[in-house]
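What follows is a pair of complexes built around subunit A, which joins subunit B in one and subunit C in the other.
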Partner chain A sequence: MSKPKPKVAFFEFTDCEGCQLQVANLGASLLELAKVVDIVNFREIMSEAGEEYDVLVVEGSVASKHDEERLKKIASKAKVIVAMGACATIGGVNNLKNLKPLAEQKKAVYGSVDPVPDAIETKSIDEVVHVDYYVHGCPIYGPEFLKVMECVLLGKPYNVPQYPVCVECKQNENVCAYEKGQFCLGPVTKAGCNSWLPNYGSVCVGCRGLIDNPAADAQKDILQKYGLTVEGILDKFTLYCNGKKERAKYGKESQK
Partner chain B sequence: MEKNPKNKTVKINVHYLTRVEGHGDITVDVKAGELKECKFKVIESARFFETMLRSRSVYEAQHLTSRICGICACGHSLASIKASERAIGVAPHEDTVMLRKLLLHSEQMDSHVLHAYVLVAPDLLGVKSIMPLIKTHKPVIEMAFRMKKLSDFAGEVLAGRHVHPISFAIGGLTKIPDAALLKKLYQMMLDARGDFEETVALFKKLKLPNFERKAQYVALSSDSEYAFYDGKININGQSLADPQDYLSVIKEEVRDYSSAKFVSVNNAPYMVGALARFNLNGDKLDKKSRQVAEHLGLKRPCYNTFMNTIAQVVEWGYCLERSILILERILKSGINKEKVLVTTYPKMDKWPIKTKAGRGVGAVEVPRGILFHDYTVDEGGIVTNANCIIPTNQNINNLEADMRKIVPEIIASQDQAEMTLTLEMLARAYDPCISCSAHMLDVKFV
Partner chain C sequence: MKYAIINRMDMGRWFDSLKDRGKIYGPKKKESAYVFRPIQEFEEMSLKYIPTILPPKKYYFPQKEFLLKFKINPFSTGKAIREFEEFILFGVHTCDIAGIQCMDVVFNEKPADPNYLNRKEKMTIIGLECMDYCDKYASCAAVGTHVYKGGYDIMLTDLGDEYAIHINSEKGDKLVTGKKYIREMNAKDKEKLNKAFEEKLKKFNNEFDGDMERIDKAFEKGFFSPVWKDLGARCVGCTNCTAVCPTCYCFDVVDEVSLNLNDGDRYRVWNYCQMDDFAKVSTGEDFRAGRDARQRHRYYRKFKYSVQKYNKYFCTGCGRCTRTCMAKISLVETINQLLSGKEAK
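Up next is the complex of A and B:
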C-alpha cells in the first residue's frame, strides 16, 4: 500500500444536494471509504478545499452558463468523472423546466424584467463533459454508490443494470403496482435501486432513466396484461424522463 | 492593523460559503470606516420549481417539491401534502397526522444535529471541518453520528428514507410502518436520552459570540403544543393569522434591482427558525426542555442570533421526548390501517382524474423556520398556480440587517480574517439552506 491514496472531490451544481447527504449518511461505510481515498472537497461538510483531485464526483444539473463554464473547468482537472444522482445523469426533475420555453417561464415569473439572463435549458452532465461512471437515482441508492466507487478504485467498468425495475420488484415479492390499480414506470426503468419506491407501497417514477431499448427490453408481460404501450405509460407521467437522451428512447426526439 | 475604525477600509468577499447547504457569497465593503455594502448573495442557479409545478398533477406535487431540498425533503413533502389536501378537500385521519408529526420531529432532529455538530461546532473549536475532530474528539463525533443515524433510521422506518420520503402521500401513507421496526426505533430513542444529556453538557461549555439585535420573529403557534406540524402564523407574539391568508401578513415584493423577492412583515425583515419558535412558543415546551434552555442560558426573548444553535439543541431534546410519546401511543394502540393506507395516485379506473378545484396553503415548521406551499388546483387535479416561501429566503434579509449591525461593532477589535470568520459564523447561525431559497424566484446573481 505504498501508492498514494486517490483524491476524490465532490462538486454540486443545480440540485437539492440530497445525494451528497445520502453519501454523508453512509456513516460507517463512508469512514471505510475514507480509509482508501482522500476526500479533498465536500463543501457541504468541509471548509477546506483541495486543489488537486483524481476522481471528480458531480452532483446536479447544468442550468446556467455559469454552471457550464464551471463544470468544464472543474472537469479538466479530473482523471475520472462520476455523475451522481438523476440531476447529473439524466437532468432529473430539472428537465421539467425544458418542457416549456424558458423565455415564457421567465416572463411568467418575473414579468418584463429578466434578472436571470444566465439561465439556460437544463443539461445533464454528459451533455457538457465526458462521464466515465453513472450513479443513477433520485436520490442515489447508497449501496450502489459504494459499488460504483469500488469499480472506480479498481479501474474497472461499472455496468448499470439494463433490465427493468420489475425484476427487482418481483424478487422483493411486492404486490405489482398495476395489481393495485396504479400506473408504474417499473417496466421501462433501469433497475439498481432494489425497487425502492414499490417496496414502500409507491410506484416507480423512472428516476434512474429508461432502459436503453425500452421497445425491446421492457417488462412486456405487464404492459400486455394491462393493454399498455411504452409511450402510453410515459404519457401518463414522466417526472424524470424528459431529457434529450431519455426522450430519444421513446421516440420523442424534440423537446417541445 | 488600523486601530481607528473611522479610517478603516475592509473588503470581505467570501465566495462559496462552506458548511451550508447551497451556494452563497458574503460581501462586505467598508471604505474609510463607512459601511458601503453588506450583502449575503445567493448564487445558486434558478430552478423554476413553481413553473415546473404548473400543469403537473397535484398527486405528483409532493414527490416533485421534496426535490427542492435534500435536507428538509420531509418538510417540503408535508407542506406540499397539506396544501394539496386543503386545495382538493381531503382530511387525513388522526393516525396519519400523528405519523406525520413523528416524521417531522425526526427531520428537525436530523437537521439540527447536522447543523450543531458538523456545521457550527468546528467554528467554536477553531477547526475547518469535523474531519480533524474525528481524531481529536472521537467519542463526540461518534455520538453525533449516532444521533444522526437515529433520524436516518426513523426516516427509513416511517417513510422509506429521509432524503425524499416515499410513503407519505395525499390522504395517508402508502405503507404502514413495520411494528417491529417501530419498536426498535422506540428503544433507540430511549437510548438517545443519554446522548442528549452529553450534548447539552458539551454545548454548555462552548462559547458563542455576544451579539444582540431585536428582530421580528415569525413562527407557527398552536394552543395545544409547541407547533411544528400545524398552527396559526404568529407574528411577534402580537397577532395570529390563518396560514391560508399568509399573503395578507407576509409581503413578497419584486424589486427591479434584484431577482430576490424581498420578503417582509410590517415592512421589515424578520427571523424564522428555532430561535423564533423558542421566542414565540417557548412556554409550550415540556418542563424538561424548559430546564435545558435555562441551563444553556437561553431565555425568552433572546435577541442573540448566534443562540439559534442553542435553540436547536433544545428542540432536539423536545422532539426526542415528543417522538417517544407518539411511539408509546402507537405501540400501545396500533395504527388504523384502513384509515391510513392509500395509494400514491387515484386508481387507473379513475383516470382521467377528477378532483375538487380550489386553492390550498400548507404551512409547517421545518428546521430553518416556517415553510409555505400554496397551490391552486383545477377540476382535473392539475396545479394551475403555485407559490412556495422558503425559510432561508425569509431569513436572508434579517441576516443582512444583523450584518449591518455587527460590522461596526467588530470593526475596531477584529482584523479582516477575524471579521470574515465572525460573519461566516453569523450566516451559519441561520443554518441557511440555499438550495431551498433558490428554488426559483429568489436568486441574486453576482
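Up next is the complex of A and C:
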C-alpha cells in the first residue's frame, strides 16, 4: 500500500473545543485512524499557513467577519469538508446570540467597550461554505465521528439519521423520560448518538438539531399536556434548535 | 405426560435444572417498567409483570443483527455468526407467544430467513398464562391471545400453591421428565385447572366495541376515515409504537467498513413505517408523507393487510403501543372510533 495517506486538518472557530477533546479521547481508535490518514493540523500543533490537506474538519461556528474570511480561505484548500459538532453543523449554543439584535447583546456582555467590532450574527459553517459531511452533537459522539471518517475515506456519503433519538432509546430499552414526568426532546431530535443522554437517565436536550420534519406542534402539545409552561417549552427548544435552518423547520410545520 | 404439576416451592430448583440447557431470559423489573434480561437465579425474575418495554423479539430478531462479514480486496464473504446458542425464554405471556407465531409466518415465507430460523431452532419457550389483565391497555381478549393456543414448549398456569404445566413439545417434555418433584396431573388437579380457567375467562372481555367481523368491515371502508387525520395531528412521530410491537418485522440492511478500509460487516437493524423517510424512494416521492398516512398504515398492517396476506391479525393485543405513546394515542380508542364511524374529536 504505497498510496499516500490523505491529509486531514482540524480547524476551529467559535466553540469550546469539546468536540476535539472527544476526538482526542477516542484512544485506540484514534491510533487506528492515524494509520490511514495524516493529521496535519490539530490547532496548536501547526500554523495554518502553507499547509496542504485533503479533508478539512471544522469545529465551531462563524461569529465574526474575520471568522468568515478565514473559513473561506481554509475551505478553498480542501477537497472534502466535514462540519464537526453542533456549533459547526447548526450553530449550536452560539445561536443564543441571535435571539436579540447584535448591538443589544454586545452591550449586555461588554458594556460600553466593544472588543469585537467585526462580530456578526452566528452562522453554522454551511451558511458560509459547502459542507460534505455532518457530525452532529454537543459534543460529538465518538463512534459516529469514526463512522463518518470511514465514509469520507471511502468516498461514500454518510447519511445522518432522519429518525428521532427515540428510535435508539427504545432499542436500548430505556424507561421513557415521559413515564417519569420528565420532558425530553428525543422525539424531535436527529438520532445518531445512540440515545447517549437517556441511556444515563437524563433527557435529550436536542443538541443534534431537529429532524427535518419535526412534529413540533404535536411535541408542544405533549409538553403542555405534561404540565410545562409555554415559556419553558420554548426554552427547551431554544438552547440548540434556534439556528436559521432549525427555525425554518418549524415554519414548515405551522404552514401544514 | 401432557399435563403436570409442580409445587411453587420447587420452582427454584426446576429453574436451576434448566440452566445447562442454555442461557435463560426472563422478565425483570426496571424502574417503573419490566424488561427481558438474562436471569441467573429464579428470584431475580418478576413473574407478575406487565408486558416488557421491548417484547422478547429482541432475542430472535435482534435490534442489530450481523448477517455477514466481507473483505473488499481480495473480495470474500463469510458467515457473521458461526454458531447460534441455545436459549430459554422463561415466563412469556400468551400475547407475546402469539407475536412469535406471527414472526414465524413472516420469516418462513419464501425465501425463508436463515438467521431467524437458526435462532428459532435454538429457542425454548416457557410460557406463563395470565389469570387477569396486565393493565387497562391490553386488548388480548378481542384477538383471542389471552388463552394459550400452541407456539410454546411449556405453559405454566399459576394455581396458587402450585403451577400447572402443559407440555407442548418434545423439547418441553425433556425439561420436566425425570424430575422427582414434578408429577403427572391427576383428575383433581385437572378440575382445579379448569375451574381457574373458567374464573379467568370471566375477567376477560372483548375490549373493542364490536367483534372482529365488524372490525374487518370497519377497516374495509375506513381508509378515508377522519380517525387517521386526527392521529396524524397528535402523533409526534417518535416511532415508539412500532419499536415496541411484537409483530413489527421491518429492517434495514447496512454495510459498515472498518478503519482499515478493507474488512466490513453487513448487518440489519430494525426499521419502522413510522419513520419519516420510510416510504420515500430515490426519485424523491414519498408514498406516505404525512403522519396520518403512516399511522393508518400501521393499523392496516395489524388488522387488514396481514389478514389478506396471512389470514392472521398482526395485533396480539399486548397494549405496548398504547403504553409507550407519549401522545396518548390508544389502540383500543382508535379501533372504537373507527367502529363508530363518527367524526373523530
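Keep in mind that, in the parts below, the second predicted complex is superposed on the first by the 221 of 256 C-alpha atoms of A that agree within 3 Å, B and C clash if a C-alpha of one lies under 4 Å from a C-alpha of the other, contacts with A are read in each partner's own complex, and residues count from 1 in each chain.
We adopt the following convention: a contact is a pair of C-beta atoms (placed from the backbone, for glycine too) under 8 Å apart; a residue touches a chain by one contact, two chains touch by 3 or more.
Fair warning: this is a prediction, and the values are worked out from it, not measured in the lab.
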Inset, instruction - Consider subunit A as the common anchor and indicate whether subunit B and subunit C clash or fit when overlaid. - result: fit
Inset, instruction - Going by the touch definition up top, name the partner, subunit B or subunit C, that contacts more of subunit A. - result: B
Legend entry - subunit B versus subunit C as contact partner of A:Gln224, first or second or both or neither: neither
Inset, instruction - Between the centres of subunit B and subunit C, viewed from subunit A's Cα centre, what angle do you get? Round it to the nearest 10 degrees, please. - result: 110
Legend entry - Which superposed partner A:Gln162 touches (first subunit B, second subunit C, both, neither): second
Inset, instruction - Using the superposition on chain A described above, determine whether A:Glu150 touches subunit B (first), subunit C (second), both, or neither. - result: second
Inset, instruction - Figure out whether A:Tyr200 sits in contact with subunit B (first) or subunit C (second), or with both, or with neither. - result: first
Legend entry - Partner chain in contact with A:Lys180 - subunit B first, subunit C second, else both or neither: both
Inset, instruction - With the two complexes superposed on chain A, say which partner A:Ala215 touches: subunit B (first), subunit C (second), both, or neither. - result: second
Legend entry - Minimum C-alpha spacing, chains overlaid - subunit B and subunit C, in Å: 11
Legend entry - Residues of subunit A contacting subunit B in one complex and subunit C in the other: 178, 180
Legend entry - Of all residues in subunit C, those that touch subunit A in their complex: 30-33, 35, 53-54, 58, 63-64, 233-240, 243-244, 256-261, 270, 272, 275-277, 291, 324, 326-328
Legend entry - In the complex, subunit A residues that touch subunit C: 29, 32-33, 35-36, 146-147, 149-150, 153-154, 162-164, 166-167, 170-171, 173-176, 178-180, 186-188, 211-215, 217-219, 221-222, 225
Legend entry - Footprint of subunit B on subunit A - complex, ascending: 13-22, 25, 27, 31, 43-49, 63-64, 66-67, 92-94, 96-97, 100, 105, 108-111, 113, 115-116, 118-119, 138-139, 178, 180-183, 196-197, 199-203, 205, 226, 236-237, 239
Inset, instruction - Spell out the part of subunit B that touches subunit A in their complex, as residue ranges. - result: 16, 18-22, 44-48, 50-52, 56-57, 60, 63-64, 67-71, 73, 118-119, 122, 128-131, 134, 145, 148-149, 152, 159-164, 166-167, 169, 173-175, 254, 256, 258-259, 341, 343-345, 347-349, 351, 435, 440-441, 443, 445
